[in-house]
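Next come the structures, one after another.
The two complexes that follow have chain A in common; it is paired with chain B in the first and with chain C in the second.
After this line comes the complex of A and B, so read on.
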């Protein structure tokens, strides 16, 4: 049996009547224990989706369940780090961690939080307002992990970090998640940041789900093909194709074996994501519903 | 594994929750708390000084001028206030001034620092993703300052009443601070506390509406000023007035005067044609007497309590709207 971390059905969110929807009928399912990347261009609805999962916003339409409960009921079991890492500037690092302990009396683990802070060489009595962006990110992550969440929602977590700190924090995060079976959902528009860390992908575009499913399955469902420009790729689904001279390069979802005239390679995560971002009209693909797939 | 954690999270009672929120509130708003303590101390100190050495000095000054000899009921010297009396009056004005200012300071602080800034910077969302629901967060934001405001304003009100109860004779000299005058009226009863609470709730509502510190500060102060002006204008009509009439001249000017004018032979109330003693003019206008509507000092508590009730009802409405607004936005019932 696989537990479900997040399940969304026809989830929509609109900010004001005149603006278009930030999320538009999203349906997807994220199994527990995964490290999921939420990818998409700016304004695709990544932050909105994470806020809805954290119970900070109310959906305009549709439903979202988190750990089998409503986001509000699952509040204790999830942690969320917003994009701009809000913290109280007048508190010290130690007081910020104390705040986590006071507000999460039944879950808080001092050792986890203090270790993450100590790894960054942060003085406990330093005021938050004196910290750099990267140091604030570290404190915000310490606050989130100290809660011992079952689901960790991170909105652009590594944007302010230098490559070394990013590598180190990502390793801490992944080790912690692996040790405790935490589900991690991480949004980013830097695909390279996520490669190697994630095993599940949710690609959003214009508020809709473009790709959803285990990363390996999604990669296996696509082929990067090269062949003659006048050859036909029917009946396969072409996500994106480019012609250079007489040669055609395309990302396709093969429907059966490809013909002999094609050279095929497996796409990387970056190639898969970029091809979908360049071709917003390509059909969506969801591989996260085992029940439906079996039918 | 998941089933076990689920059980513990629903079975355990949130015993430390309120204590954690209390610590958070006091730690986050430590400077505001100290400022309020200082303000109450300054106000109470000024009033206590006036009660003791301030009043003694003022009396000594009047005695030296021979002003206390005329009658036991009051000082009839027309010399105006001396320096000692001026200091005495200023100290009392400071005490009641703190009470008059408190609602506006509270509204500005609640709109900007308590709510607006937290929503603007995202620290409110930080709290809501700990084990604290938005509703409990808002409840703590209201309850902790409310408790401190009630204690502080009650201390000042009691000290002010103590001073007011013994300084009748001194007051007559200055001709100031009658029981019904704005700051004095509020500082002597339950209204100072009620208005402070109104300031808090209006500020919180403004913060939730604006979601930005500076805009919330403006909205809160302007909103409270409008409410206070409207309620202040209503004040004389919150309890039935008493009327004095006289055939020849205006009745004695006592208490809070609400209305006055001339009476015709049919008993109708008309604006005074200002005939003074001109009998022909009076006959022409059919004026047979004069009236004056007023509240005697015995109306102090009825007026005070009715207005307090209205102010608290408005504050409760603001609280209700604040919870509704927060709930609609976050969709968090729990």
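After this line comes the complex of A and C, so read on.
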């Protein structure tokens, strides 16, 4: 298995000359075996990035490598589930799985695909067009996991699932990752649904990388501090700060120990992400071992 | 076998919750030496958390000498955790103290704060 699941260098994508870039010089590295959350506001470039990794789009500038190959060459080893879960509406559930088996003769695993469908109480002879959004997601995930991919790219996978289905499918994904070491990349703008499931974070904003790296390291690099509004936070990097009366609350990247005047707590994933979304001008932070300089 | 319950709103890191719940099971005797912990796959299938988090928790328990990983077999309990049984002299003293605290007019939260502060003084720097 390759050590790096995705590596991007100065990756850019423009759709037409008049519009701004959807992705603008993204450089990051995702090690294999991680469960990575791709987070960012609408229009940040999450879907564009996943489509580039899946080989469905070509970069305008820069490069993206997937499992050590070009995305096109790695296509057999990866699975991609688009946001709108495109499936053939006239096929039945059983037909759809048969299609998966015949299109992936060397890799297909019937048991995996059928178990995911069975968990959702889907009748094999039901036509795709009669299914609800959540049921379609289940079939699309069965198709993707049945392929036994090394890299699974999921664009907003949980958006139209009820809480129970969400829990079941997340559990299925995590079990697959535990058993086979599958790298999973999931985009979402609902941070709470990724908390606990992901161990790597890629935060995008306006087509650029804002945060990238192992989640624990990124969380450890930040502190939520509360203190007096007239106290100075230099030399620490202040991501976001708010003043209420005499009190100052801030998310900082400490550069050395914080003084005694500050009450500090560790931020949650949601607090980390929200602070960065509220402060689009805060400097980017990459902790994903920038090895590309040596290559 | 133990079953882990992950509280995402608690603010306690997920792997710490697994470590704490395992220790609690050891203290209560729900887990005994020789017992097998659930596999990472079993835990994530029940909780939908990240498998690396489970492995991190198990490594932490192994580092503390409470469990050992046997290659290809799973993770097993090495030793239990001693704790004061319900009828110990320590408990009797604490019980009497709680009665006095109540008579002195302290409320539950006051006692809680006092107890935590004393714990912090005497167990400062210890791992929980």
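Here, the second predicted complex is superposed on the first by the 287 of 295 C-alpha atoms of A that agree within 3 Å, B and C clash if a C-alpha of one lies under 4 Å from a C-alpha of the other, contacts with A are read in each partner's own complex, and residues count from 1 in each chain.
Convention: a residue touches a chain if its C-beta (ideal position, glycine included) is under 8 Å from a C-beta of that chain, and two chains touch if they have at least 3 such contacts.
Bear in mind that the values here come from a model prediction, so they are computed numbers and not experimental data.
Novice: Under the stated touch criterion, which partner chain does A:268 make contact with: chain B (first), chain C (second), both, or neither?
Specialist: second
Novice: Quick check on the superposed pair: does A:284 touch chain B, chain C, both, or neither? Answer first, second, both or neither.
Specialist: neither
Novice: Based on the superposed arrangement, let me know which partner A:10 touches: chain B (first), chain C (second), both, or neither?
Specialist: neither
Novice: In the overlay, answer first, second, both or neither for which of chain B and chain C A:177 touches.
Specialist: A:177: touches chain C, not chain B.
Novice: According to the stated criteria, A:229 is in contact with first (chain B), second (chain C), both, or neither; which is it?
Specialist: The answer is neither, since A:229 touches no partner chain.
Novice: Check the contacts made with chain A and report whether chain B or chain C touches more of its residues.
Specialist: So, of the two partners, B touches more residues of chain A.
Novice: Based on the superposed arrangement, let me know which partner A:123 touches: chain B (first), chain C (second), both, or neither?
Specialist: Neither partner.
Novice: Scan A:198 for contacts with chain B and chain C and give back first, second, both or neither.
Specialist: Touch partner of A:198: chain C, not chain B.
Novice: If you look only at chain B, which of its residues touch chain A in the complex?
Specialist: 1-2, 5-6, 8-9, 12, 14-17, 19-21, 23-24, 27-28, 121-123, 125-133, 328-334
Novice: Provide the residue numbers of chain A that touch chain B in the complex, in ascending order.
Specialist: 3, 32, 51, 54-59, 67-68, 70-73, 75-80, 82, 84, 86-88, 90-91, 95, 98-107, 143, 147, 150, 181
Novice: Once bound in the complex, which stretches of chain C touch chain A?
Specialist: 6, 8, 11, 14, 39-41, 44-54
Novice: Mind listing the chain A positions that touch chain C in their complex?
Specialist: Within the complex, chain A contacts chain C at residues 33-35, 167, 170-172, 174-175, 177-179, 192, 195-199, 268.
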